[in-house]
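Both complexes shown next keep chain A, but they swap its partner, so chain B is in the first and chain C is in the second.
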Partner chain A sequence: MSTIIGFYLLSALAFVSGLVVVTTRNLLHAVLALAVSSLAVAGLMLTLAAEFLALVLILVYIGAVVVIGVFAVMLTGHFDQPLVPASNELKPLGAATALAFFLLISGVLLIQPPARELPLFEMTVEQIGRLLLTEFVLPFELVSVLLLAAMVGAIVVSKGKED
Partner chain B sequence: MSQWMLLLPECVLTIFLGVALTADLVLPALPRRVLALLVLLGLAVTAACVWWTPAGEFGGVFLNDGFGRFAKTIVLAAAALVVLCAWDFDLVWLRPWNEFLFLLLASVLGMFFIASGRELVLLYVGLELATFPIVLLTAYQPADPKSAEGGLKFLILAALASAVLLFGLSLIYAATGTTQLTVLSERLHQGAASSPLLLMGLLFLLAGLGFKIVLAPFHTWAPDAYEGAPTPVTVFMSVASKTAGFVLAVRILSVGLPAVRGTWGAVLAVLAAVTMTLGNLAAIPQQNIKRLLAYSSIAQAGYMVMGLVAFKPLGLSALLYYLAAYLFTNVAAFAVVIALERATGSVEIEAYYGLAERSPRLALLMLLALLSLAGIPPLAGFTAKFYLFAAVYGQGYIWLVVLAVLNSALSLYYYLRVIRAIYIHQPEENTPPLPSTPWPLSLVMAVTLLGILLLGVYPGPIVEAARVVVGPLWF
Partner chain C sequence: MTYIAEPAQLVLWLRGGLQQLAVWAGLPAVWGDWLGTVMEIFSLFAFCAVLVMVLVYAERKIAGHMQDRLGPMRVGWHGVLQVVADTIKLIFKESEVPAQADRCVYRAAPYVVFLAGFLALLALPLDKGVLPVHLNVGVIYILAAGTPGVVGILMAGWGSGNKYSLLGGLRSAAQMISYEVPLVLSLLGIVMLGRSLDLQQLVAAQTVPFVLYQPVAFIVFLIAAVAETNRNPFDIPEAESELTAGFHTEYGGIRFAYFFLAEYVKMFVFSALAATLFLGGWRGPVLPGWCWFFIKTGGMLFLFFWFRWTFPRLRADQLMNLGWKILTPLAFLNIIGTALMLMWL
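== the complex of A and B ==
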């Protein structure tokens, strides 16, 4: 019962803060709302006994992505008066698409509730670690090349003109 | 012999990738051409390893087979031609050269894993590794705001496409409980095929793939990215990325999801029809040659999807042959664009006025490339279209073949517009004569010319090779 209450509370929090992210005019508020939203989603993952994913979400999204976002907003200025409006004439279309997507997903889930009982592990960290070095060792290694390429490329592109 | 031997080409490529990145730390002031030669050597060694490494499977997630080898060879050839094209591009090429080569090789490495992957997570990571270096290379030209704009649009839409694709893959996992394509196929045959979760996953998967192989209506990023990217990067994007995208589609759809072929076949048939028509219509008013070729490549993707629609060995081998022919044809056209851009700094069609008088050789190559793109015999493009259309016709999609033939006629209109600019229009007064083409670019032109003619008049060996390698995809 408490999980269900927790689920609804956290979902509502994620939903409301998500709305704030896309509607507020103040970029700083948007970034902070994103942190709240990520935190709520991390809480949802905890109720699903996926504590590793929850921690990664907090570490990576709140700890790194949101903090970088705050820095970017502060350093570029205009954070309380963004130059670009928060919405444009495509707003109704966007809302309609989001609604259609929601109806589609919920329709599919109503027709076919995910019946497969995915096994719940006591220690998901251990399982994930094991899988990363066995079945998923190739993507695990490949991601390091991807990160290296992203890092090198980001530096090259942002460094500006070479003298 | 250890299973790890199967990864030899990938390991060799990774080593050269590191070499490209660190070479000028060890040897500062390393001349540009030495590094380029080193990378070409790396590509050649990798190609040798691709063909030398025995066929086999790595833990059910990675497969070394003829299909993968064929795709890897196309990608390696494209990368080598791009290095040669970019070699002397420093006229507008201000950014570091070794990072350019590093990012190019990183993308090739990602494509290698797409070509051999048999497991959704690996395929996805390979796809990201193949795409993101190209996004960065698109934004590589600081002096040009179009490059930044193209790069930004590409980045946002590539991220969106990845999200859509990933969501589709996660739904497929939810419906079947596996990410291994062969297991997935078995589970579908045991009755998971009709589940709505799976169909929804399939729909998202197709949308994500549509972004990657540039199908309408997911094509909007492509013209801006093609136009904004430095032209050698455009070449790589239009040839290698497209090949990788189609290889990914073949792997996932034919190995993992043959059980729901009716659904994806129908969706792809409609997408093919929309894509080729829209691409050709949008190409007609273009004044910028890179945009024109971008829309032309969208239309070409529409034809290629027909190979997936026809599916049966004939359709897929026709698709592989088409990709090989497209490699030579498109690189030839872009080589001329690069030569003209070096000489005049312009990529507008006006820069081509009277090219036949100013440089008969460039004019002839452009003529052959455009006619091959349009599918005029006896060039490579004709043979490729012939095999492809025949395969689709054999599967009973007569309306699609009729539409494709009509589209080919339509495409001739805008290709002929460029040819008219080259052969009929007079050059403007006191146009300076064209400087001679540097040898790497001349080499690209010679190779692609040979490819266009050879694949056109003597298609036998490649057709046979394509037929042999798609055979084992069936079981």
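== the complex of A and C ==
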């Protein structure tokens, strides 16, 4: 019972703060709303007894993504002018992306409908660790290389040409 | 005094009593559990307030004696009531909002920072079987609970609408995310030795305190913890000669008090974490477990105070060099060393 109440409250919070992220004109408020949204999603994971995932979500999304977002807002000179237009000229493209994502999700749900009764896992950290180092070691390493390349790329792009 | 020696039983007894109370009042027994949880949260909050008062008094006294002064002496016996007087002053002081502030963000910031410290407190094992929330990923929980604090400090820096606050907030956040890397890495060696992320099990695994196996990790953790709490010699975020008071320049009254609370609670959390993971936590002879926990944590806190009056403040570039070029590689070497040791021993 309390899990269901928690689910609806947290979903509503995640949804509303997600709406704030895309509608507010104040960049900093958007980033902070993103933090609230991630917290709500982490809470949803807690109601599913996925403690480890919830904590990693908080560490990565609030500890890294949101903080870097705030830095970006502050360092790109929006301190005096925090208000920016909340929409751009790419509406058709946006609609297409949203539709594609919706189709993807519904496709996944049609192929594998959500199970009503899932076995409860104990010690999820151990299982995740084991899987990461056995079955999924190659994808895991590929993602790491991709992230590293992105990081090096970002440094090269932002540094510009030396004269 | 057996009932004090076993606080775990006391907690269980109280919980059982609350359940019976709920049943007696004609309510489901779960309500008793909820009531117990609410009471635990309130008592932890009270614990925070009292703890911070004791720490502030201890710090001012220790600082005084290290500088050949007496410290607070006027209010009460040897100044013990000074902190109470200061607290009353802070509570009744008007806390205004600057005209140029981003009002919502400005108001929320102190509570975000405080909550981050307070939530971390929930998972500390005070004694065998005594911790408010038992998690099998306690180590990650404490690290994750602290992360919203960075956002809170950035909110304060931005929300104040003041250049000193903004610079202080940015410096502080940059410092905290830089030092989080060696901090987390230094704990990995412990996790590998104890084969668990559960703080209770990690304490139980320490027949010999882990500091003897992990001296390098201990030093890295200690330095990173001082930097994470923005204290001397890593207090450039609030360097008064450059930034007046950094991110909390514009704050006064009760909102300032929450920043203050947060700083000391965080210091306590890191000291307690060091005591738990490196010094054997509640393990120790003769005295009950919680005594050992507080003795070890107190020793770590004394180190924090001692640092403040021993080392001069680092420059911003020295700080980043130390974090990224010395501590992080050291922590990585420590992990490799620990792995090799575990393989061959």
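Keep this in mind: the second predicted complex is superposed on the first by the 126 of 163 C-alpha atoms of A that agree within 3 Å, B and C clash if a C-alpha of one lies under 4 Å from a C-alpha of the other, contacts with A are read in each partner's own complex, and residues count from 1 in each chain.
Rule of thumb we're sticking to: contacts are C-beta pairs under 8 Å (C-beta built on N, C-alpha and C of every residue); 3 or more make two chains touch, one makes a residue touch a chain.
Keep in mind that what you see is a predicted model, and the values were worked out from it rather than measured.
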{"item": "Which superposed partner A:62 touches (first chain B, second chain C, both, neither)", "value": "second"}
{"item": "First (chain B), second (chain C), both or neither touched by A:70", "value": "second"}
{"item": "Partner chain in contact with A:7 - chain B first, chain C second, else both or neither", "value": "neither"}
{"item": "Chain B versus chain C as contact partner of A:51, first or second or both or neither", "value": "second"}
{"item": "Chain B versus chain C as contact partner of A:125, first or second or both or neither", "value": "second"}
{"item": "Contacts of A:28 with chain B and chain C, given as first, second, both or neither", "value": "second"}
{"item": "Touch list for chain A against partner chain C, complex", "value": "28-29, 32, 35, 39, 51-52, 55-56, 58-59, 62-64, 66-67, 70-71, 74, 79, 82, 123, 125"}
{"item": "Residue numbers on chain B that touch chain A, as the complex places them", "value": "14, 17, 21, 58-59, 61-62, 94-96, 99, 102-103, 106, 109-110, 113, 119, 121-122, 124-126, 128-129, 132-133, 136-137, 139-140, 142-143, 151, 174, 177, 195-197, 200"}
{"item": "For the chain C and chain A complex, residues of the former touching the latter", "value": "102, 104-105, 135-137, 140-141, 143-145, 147-148, 150-151, 154-155, 158, 166, 170, 173-174, 177, 180, 197"}
{"item": "Complex interface listing, chain A residues touching chain B", "value": "104-105, 108-109, 111-112, 114, 116, 118, 135-136, 138-139, 142-143, 145-146, 148-150, 152-154, 156-157, 160-162"}
